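Look for subunit A in each of the two complexes below; its partner is subunit B in the first and subunit C in the second.
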Partner chain A sequence: MSNIEPIIRVENLSKSFDQVQALKGVNLTIHPGRIVGLVGANGGGKSTLLRTAVGLYLPDGGSCTTFGQEAGKLRPEDLARIGYVHQEGELVDWMTVDQMVRYVAAYYPGWNGELEERYRSRFEVDGHRRVGVLSPGERQKLAILLAIGFEPELLILDEPAAALDPIARQRFLDLLLDIIQDAGRTILISSHILSDIEKIIDHVLILDRGTILRDAGFDELREEFSKVRLTSLNGPLPETLPFEGLLACERSGAEALLTLRALNRSDMETAADSMRCTLELLPLSFEEIYRLIIEGNRSEEAELEP
Partner chain B sequence: MRALAANLKTFYQCPTLWFWHVIGLVFIIVGVVEPLGEPVAGQGEFMKFVVVSFWAGMVTASMMKETLGKPLTFCLPRHQRKVRSVIFGVGVAQGLLLSLIVLGYPGLDGVATAAGMVSVACLAMTVYLLSASAVFLISNAAAFWGVPVLFLGLFRSVFVGVRVAIEDLALFHPLENGVVLLPLALLVAYRLGSRRLARTECGSTFMPVQYFWNRPTMERYNRERRIRKLNRQSRSLWGWIERRFLARMSRLPAYSGRRHTVGSRYVLFGSTLPLSPTLVLLTTLGVVALVAGLGFVTTSGRFEGFSRANLLYMLPSILGIMVAIPLYSTLLVPAGRREKYKTCLVIGVRGAVFALLVSVALYAVSLAIGVLLPEVTLSGRTFAYLPMDPEPILSPLLILPLLYACQIGFPRKPQIPQTAILIGAVMAAMMAPGVLVGGLLPVLAVLAALSWWCFVGPLHHFCYHRDLALK
Partner chain C sequence: METLLLDIDPHGGLPIYRQVMNQIRRQIMTGQLDAGEQLESVKSLSTRLKVNPMTISKAYGFLVEEGLVERRRGVGLFVSQVRADSRKRLQQKMLREAFGKAATLAVQMGIPEDEAARLFSEHLRQLDSSGKGRERDEQH
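Then we have the complex of A and B:
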């Protein structure tokens, strides 16, 4: 994978607004064909990173290249390979939905009318309504349509599902899965709804207060953390549990729910046997993993503070 | 908190409202202090207080209308009637205060002074109530029409005989003023206290005068208003316009800067094209009337003998504010920074050319009217029509680039520097009307070149070296 030219390469990127540093020395690479989830707290720098990747923002320091070109100097031909859904969905309010679609389509010779039709029927987008009176969810649907209609190689979605209702969100995820079927398509999606994006992403970037905390494959991340239920067969559990990498422990009589980092299953089973306990591996959601990483980082920072 | 106290908070809570308080202070100084500084009877100086009343009525009613517009106001006990109390309370206070101006009028005895005070108080209250009523009756009267009317009211030399006549009416006709005020006050009091008004205004789209500077509110208001109008427009006309632009786009090379320019012009066209033929006609007639009226007023003092109609050369520049330079946008279309730069430049130049054409049209109208209008005799004085001078036709080339530069440098609140520039230009045109006309065309050309540099320089810098989306 590393020999393939990345679609986005960010090196030591920093960006500030007034006195607030939105990005602090961010490094990352995004390779073609990946579905990358960019997650982080509000104000963590996600939108700033995405806007820098499409050239709307210029870095204060470091560099950001997209399609091998400095992002701030992207040519129209390069920009025509990028679909971008912005969090607030800037659109032309006076146009009707139909007019807006035709207007954006006029920029792209390769606009896919069939895909447009399919999307419109799936999302029930009313073409006669003015964009300015659409609800946030409807605007979001339109913004997504405009971003995918020309089948971009790189799709950047900044909180695309935030304003959608549950049904529309599910349809949107199905649509993304359809899009993913096309080999070579790269998607960079930022979202707070982790339960949604965990179904589609294969790579995770966790951004917190302008810094990348984790840049890893999603499966790799899942393997890094585990949740197990320990049940004693012989009275209450001992005071201290002999497990390495224990992050959290919730006790309830003879039972304990343990969250661990870097689980070594055989060692753990041996330890459980010695305590006459049963061990049950439980699924850990992306949201739980995310919380563990963020909280772990915050407590490390707190410890370092004088 | 009592309802009255809650209402009064609107007078100071909004920071931008302080701007209007400063404007009000200027009007008070001009309207009250100036005539008292050099009290001369019979010159029309003592009528200026009506400007203060007009301003007070406009601002107070705007705030009360905003209060009524809040979704929950209708449900609050006795809140609807507090609007009436506040409007009348402020009105009576300003009327009584302004009546003190009579004390400075020379040569009045005790009885005449007392009668004059009653007369001024009544007229001030009448103007105040009319101004306040306009805010409720005419859609956004205060925000859009209030300021121009205020500035017109401040012109010292305009409407010579009228000024003297108003002063005479204001000071020496207490009975007539009282007779006019009484039914008006009753009518306004009835209307302001009615549940119908409260019901109509509750939740309505209104842009209070203090939000004139608030870009998001202004944009939201304009958007809703325009969409309502657009929905009434002929679909075939807009279909034709759309086809024309899109066909042009498709004829141009894909991903070219020219395609982006045409696309941006289409967006701008749709957001600025006047949608009401009646409004266009009325505005045109109004401008023609102003050309005719101001053509009879000439300057005095150092720059003597120039037509005041030259001030109307500011109108094309004011129109030019509507040309939005499409620099900051998060709608990603295939246009790089170079294409955006060229598009902004083309749109700026086209806007200036349009303003120039309007200037030429104004001059042509002024000349045409001159053929038709006879000399007018008023109060024993004869006024001859003087057409506009041709040299200031080029003034949009001087002013517009500066207004564009404000959009680039102050994208969140361009209205503030733009208004300052326009006020400065109007003041310069009023105080030194001969500068542009008196053979200083080379100076104008140099200034215009500098002005364009002020636009193109920052535009280039922002396009290539700054963020193209607002945080």
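Then we have the complex of A and C:
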């Protein structure tokens, strides 16, 4: 993987707005062919990072390189490879939807009319309505169409699904999977609806208060954390449980619910066997894992403070 | 090549690639998928299940490593002829895992070993006879 040129390379990037440091020395690389989920609390720096990657913000320190070019100096031919959807989509309110689509399509020789048709029927986009009267969800759908219609190699989506209803959201996620099927496409998506993106992403970046807390393959992250039910087969559970990496423990009599980190299945089973207990693996959602990482980091910080 | 019947729960705790692996492994062990049968392509399966194609390639990659599936260059993936001894070992392992919950419950409820074993045998016989009944129906 390392010999493939990354699509985005961010090195020691910092950015402030009026005394507030939005990004504090961020390092990351985005490799081609992936769907990368950028997650974190609002105000954590997600939008700043995405805007910097397309050259809308310039770094105060460090660098951001997109398609091998300094992001602030992307040329029109580089920008033509990037689709970008953000919360405040810049749409022209006096145009009709049709006019707006034709206006944008005219800039791109590679505009895919067939994809446009498919998208419009799937998302029920009415071409005759004026952009200015569209609901937030309809505006979002239009902004997405404008960003994918020219089949960009890199699709950057900043909270794209926030205004969509559940069915449109599901269709939108399916659409992203269609898009990634074509070789050489990369999707970077920020969202705070973790249950939405957990089905499609293969890599995750957790951005918290301007720094990257985790940069990991999604499956590795999932397997790092586990939740199990421990059941003692003879009497109540012992006072201390011999598990390393114990993050949380609720117990009552012969049973306990444990949340664990960095412990593989067979080590857990060995520990359970040694105390005459059985182990049952329980589901742990991405949202819970995310919370464990954020809280774990907060408590580490608290310990470091004098 | 038939389409694979898989049920994926994205919020189900196990990573999706593991769910895919487990279900395909089970289908191979139960004979639902025969040796020599071609597996659905990564693209087709990921589109149908609506999951990331990398997830499916990863699951397939591990099944190849386990020797349950083999890659034929330029054609695709096929179910391997699994050696009898390793087939048996894997089947026993899967069965033991499936026992886990029932065994825990039996011990917790204080059901003696011979009674638990009798219940299990009874259950087996019931399934077996309904299976035979079906075979008879099919012959007529």
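As a working rule, the second predicted complex is superposed on the first by the 304 of 306 C-alpha atoms of A that agree within 3 Å, B and C clash if a C-alpha of one lies under 4 Å from a C-alpha of the other, contacts with A are read in each partner's own complex, and residues count from 1 in each chain.
In this text, a contact is a pair of C-beta atoms (placed from the backbone, for glycine too) under 8 Å apart; a residue touches a chain by one contact, two chains touch by 3 or more.
Bear in mind that the values here come from a model prediction, so they are computed numbers and not experimental data.
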(request) Sticking to the clash and touch definitions up top, decide whether subunit B and subunit C on subunit A clash or fit. (result) fit
(request) Classify the contacts of A:223 with the two partner chains as first (subunit B alone), second (subunit C alone), both, or neither. (result) second
(message) Between subunit B and subunit C, whom does A:34 touch in the aligned arrangement: first, second, both, or neither?
(response) second
(request) Would you check which partner chain A:91 touches, where first means subunit B only, second means subunit C only, and both and neither mean what they say? (result) first
(request) May I ask you to decide whether A:202 touches subunit B, subunit C, both, or neither, giving the answer as first, second, both or neither? (result) second
(message) One more residue to check, A:76. First (subunit B), second (subunit C), both or neither?
(response) first
(message) Counting residues of subunit A touched by each partner, does subunit B or subunit C come out ahead?
(response) B
(request) For the superposed three-chain arrangement, provide the angle subunit B-subunit A-subunit C between C-alpha centres, rounded in steps of 10 degrees. (result) 150
(request) Return first, second, both or neither, reflecting whether A:180 touches subunit B, subunit C, both chains, or no partner chain. (result) second
(message) Output check: A:56 vs subunit B and subunit C. Expected answer is one of first, second, both, neither. What do you get?
(response) first
(request) For A:298, decide between first (touching subunit B), second (touching subunit C), both and neither. (result) neither
(message) On the combined arrangement from the superposition, state the nearest Cα-Cα distance between subunit B and subunit C in Å.
(response) 27
(message) After overlaying the two complexes on chain A, where does the subunit B footprint on subunit A coincide with the subunit C footprint?
(response) none
(request) Sort out for me which residues of subunit A touch subunit B in the complex. (result) 17, 51, 54-58, 72-80, 82-84, 86, 88, 90-95, 99, 102-104, 106-109, 130, 132-133, 147
(request) Could you please specify the touching residues of subunit C with respect to subunit A in the complex? (result) 9-17, 43, 46-47, 50-55, 58, 100-101, 103-104, 107-108
(request) Could you pull out which subunit B residues touch subunit A in their complex? (result) 223-224, 226-227, 230-231, 242, 246, 249-250, 254-257, 259-260, 263, 266-267, 270-271, 329-337, 339, 465-469, 471
(request) Enumerate the contact residues on subunit A facing subunit C in the complex. (result) 33-35, 173-174, 177-178, 180-181, 195, 198-202, 218-219, 222-223, 227, 231, 233, 254, 278, 280-286
